[in-house]
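In the two complexes that follow, chain A is the common piece, with chain B as its partner first and chain C second.
For the complex of A and B:
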């Protein structure tokens, strides 16, 4: 499949997903499914972040939930404890997580291979226990309450529906930004590093810089997701940011299509909604959920995007074939 | 013509294995230099040390008047060194043209915000990169393959694509590690023509090669390595008859037999 056709498919998929997400609240009346939708959008932002480091740079990151947690807490503490303006607190959150990713990324990403995965698994656990036990600052197990909602141009986002659309608009903007980065020279260089680090360095690319660059973008996206999460719930507590949550981000990306920005959004939305749809099965829901992921991965390593690409390629080939046959019969 | 690359007394020791010993090499600007030697004689190690894949154990490398001995690989590329690999190292997920676009990364001038946010300079530079990529692809005769995935190219063209990718970095000197390995006679012929055209562009070529036909016809000067040491250097005619070179390739007994029969 050529680059132009790949882009066409990506555009179609992203438009369909975002249009569905825009229309979904119309069909949702009660509070709980609405919460799920909002979570799907927020997860989508976090998975787009993960895609920078895992998809583009090829480095497995097992601590997205920790980044989300630090983002949530940085925002919440600034907004609640120190009374900062919502937007200033949100920007602080991005800076704080950005600094964390710089300092974690630089020593680890200088090494080749799997060190990031090992480091982030550890970092995940450390973050959770710090949030849990540093009660004087983080509020410990009780967390932080009364987290504010934003206001913009006189609009108050206290209404959940309005807040949902704010999150969705941010998600679309971050989607467009991620696509721009992917198609820029930095995106190409990152792919080169992922494909063959030695060859990329022999072409003059600083692979450490590029991987840290991707990791910081991951941190920034996670911070936005963490901020939105805290502000939507108006409450944070440490037990949200578990390694299980981190693993689920990885499965969302793999399910949707690793290395693909629309795949990240698609995977996050599909799995968040699927998980809730399966809740009625009680203890069996995790089995079905896991089976769905395994089937996808075994059948197609590039997830849902891979399946869609394959279907599209087949259809194009069939169209060409029938065109050829028509030409021949003439 | 001046000297572009000066390697002096370079040694490389891999945990007890002496891969290079006190090696001197001096390459003039614009020449085609061949480095030959039996398997394991240290040719690829020499290229790896010069291009910065790993540092030498001792010795100095002066490139274009600058001591680059301790520079990381990517800094040396920015200063004008490019290379290909003995075992092809193309980017498996990229199309042909994307290889060339990616390799122009180092010479892009527009910064992060100019490239990521929509801007005039950003899209202008992107268009220039694309144009230059097509120019390089037509130079190596791969323009009609631009949109194809690199992995679907036939083997010979993949070798050529590696050379094209090295050229995209706009080098002063390019190191080719066995570019003719696995090529047919026809393909070697067109490779030879390509090498001469690269030289015409003012690019110095350092060629590590086993195919003697190519080496003898294209190289202006040949350096012969054996067990990590330089055993001979000179124009092809001289190297061809050098007894030490023949001995290194054929072994002492065979060489002396050959010598006798020649008499």
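For the complex of A and C:
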């Protein structure tokens, strides 16, 4: 499939997903499914972030929830404890997570092999432990309550529906940004490093710098997701940011299609909704979902986007064939 | 602080460290054979712990020896099965894909345990219960001494197995150069399956040794991350490094918990890991391998 065809498919998929997300609230009346929808949008932002480091740079990141948590807490503490303006607190959250990403990313990503996986697993544990035990600052197990909702141009986002559309607009903007980054020099260099680090270095690329940069982008997206999450729930507590949550982000990316920005949004939306639909199966749903992830990795390494790409290629080939047949009959 | 307490904690630390070493060795053998990290290793430990505590010991009333054999047999079959499912179909794919599938296997297993063994932590007395041995002022949990002795025996057995038996030698050959081993007529695939079985048995024994010391719950899977950290601290891919790294990590952990802060012990252990990544990424015993792929 040519690059142009690929972009066309990506555009179609993303438009369909975002249009569905825009229209979905019309069909949702009660609170709970609405909460799920909002979660789907927020997860989508986090998974787009994960795609920078895992999809483009090829580094397994197992601690997205920790970065999301730091983002949530940085925002909530600034907004609640120190009474910062919502937007200022949100920007602070991005800066804080960015700094964490830089200081953790540099020592780990200058190394080859899979050190990022263990570092992020460890960091996840450190974060959980600190959020839980540093009660005087983080509120301990009770977390932080009364987290504010934003206001913009005199518009108050206290209504869930309004807040949902704010999150969705942010998600679309972040999607466009991610696509820009993917197609920039930086994005191409990053994929070169992923595919063959030695060759990329021989071409004069600084692989450490590129990977750290991707990791910081991942952190920034996680911070936005964390901020929106905290502000939507108006409550944060350490139990939310578990390694299980981190694993589910990885699964969403695998499900949607590793290395594809529309795949990230598609995977996050589809899995978040699907997991809610399967929740009646209690513990079984996680077992089935984990088994499904193994099946996807084995049979369809590029997830839903892989399937769609193949279907599209087949359709195009069939169309060309019939066109050829028509030409011949004329 | 007096010397008796110090010695006591040192032995507790060594016991914990022995368990981490077993887990770390499991990672190392698989890493050396196929170049992947089995992210479900911690859940393998949990499985053995549940199997021993909830089923074999508490329900069926098996003694320790019989349980050990039972768990080892089960884990070897399970390890080969796991290889079939998560490694074998992906052996030509990028190692990343295999690590993802092992991660998914971990999620699968840890949720399956809750279905099979229930959501509540299980306790078991183990062969010695809360029995304590006194050496003058020093009093030590018998189970902890037992852990050290069993691990010692197991390490010697592993060493003999890899040095003296044909199977062990073939496994080393495959780890050194898979292609050359295949050319020499070694059935590489079978050998890799046996490597997985061996690693699973080690995880299983770690699980049974751990079960009487802790409450058995899915949270035990954390031992897997600690074992992974041990590998990094000792030097990834080095067998002696994994052993030393594990013992060191366990000892540090117990000392941190008893003299610094028990709440932050896991956090501090992982901070040490990050410190190692920063100043000595090749680990204590690693060659300058940190930079090679």
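As a working rule, the second predicted complex is superposed on the first by the 329 of 330 C-alpha atoms of A that agree within 3 Å, B and C clash if a C-alpha of one lies under 4 Å from a C-alpha of the other, contacts with A are read in each partner's own complex, and residues count from 1 in each chain.
By definition in this document, a contact is a pair of C-beta atoms (placed from the backbone, for glycine too) under 8 Å apart; a residue touches a chain by one contact, two chains touch by 3 or more.
Remember, predicted model here, so these are calculated numbers, not experimental data.
Q: Just from the overlay, do chain B and chain C fit on chain A, or is there a clash?
A: On the superposed model, which is not a single observed complex, chain B and chain C fit side by side.
Q: May I ask you to name which of chain B and chain C touches more residues of chain A?
A: Per-residue touch count on chain A favours C.
Q: Could you look at A:133 and tell me whether it touches chain B, chain C, both or neither (first, second, both, neither)?
A: second
Q: One more residue to check, A:276. First (chain B), second (chain C), both or neither?
A: So A:276 meets neither chain B nor chain C here.
Q: In degrees, to the nearest 10, note the angle that opens at the C-alpha centre of chain A toward the centres of chain B and chain C.
A: An angle of 80 degrees, rounded.
Q: After superposition on the shared chain, which partner residues are touched by A:186: those of chain B (first), chain C (second), both, or neither?
A: first
Q: Give one of first, second, both or neither to describe whether A:293 is in contact with chain B, with chain C, with both, or with none.
A: Touch partner of A:293: chain C, not chain B.
Q: Upon superposition of the two complexes, what minimum C-alpha distance (Å) separates chain B from chain C?
A: Value for chain B versus chain C, nearest C-alpha atoms: 10 Å.
Q: Using the superposition on A, tell me which residues of chain A are in contact with chain B and, in the other complex, with chain C.
A: 198
Q: What residues of chain C sit close enough to touch chain A in their complex?
A: Touch residues, chain C against chain A: 37, 39, 85-86, 89-90, 93-97, 99-101, 103-108, 111-112, 114-115, 222, 225, 228-229, 232, 236, 263-264, 266-267, 269-271, 273-274, 277-278, 281, 290-293.
Q: Quick one: which bits of chain A touch chain B in the complex? Just the residue numbers, please.
A: By the definition above, chain A touches chain B via 2-3, 177, 180-181, 184-186, 188-189, 191-192, 194-196, 198-207, 259.
Q: Considering the complex alone, what residue numbers of chain B touch chain A?
A: Within the complex, chain B contacts chain A at residues 51, 53, 72-74, 77-78, 82-83, 85, 89-95, 98, 101-106, 108, 112, 115-118, 122, 126, 129, 147, 165-166, 169.
Q: What residues on chain A touch chain C, complex-wise?
A: For chain A paired with chain C, touching residues are 58, 60, 62, 104, 107-108, 111-115, 117-119, 121-123, 125-126, 129-130, 133, 197-198, 244, 247, 250-251, 254, 283-284, 286-287, 289-291, 293-294, 297-298, 301.
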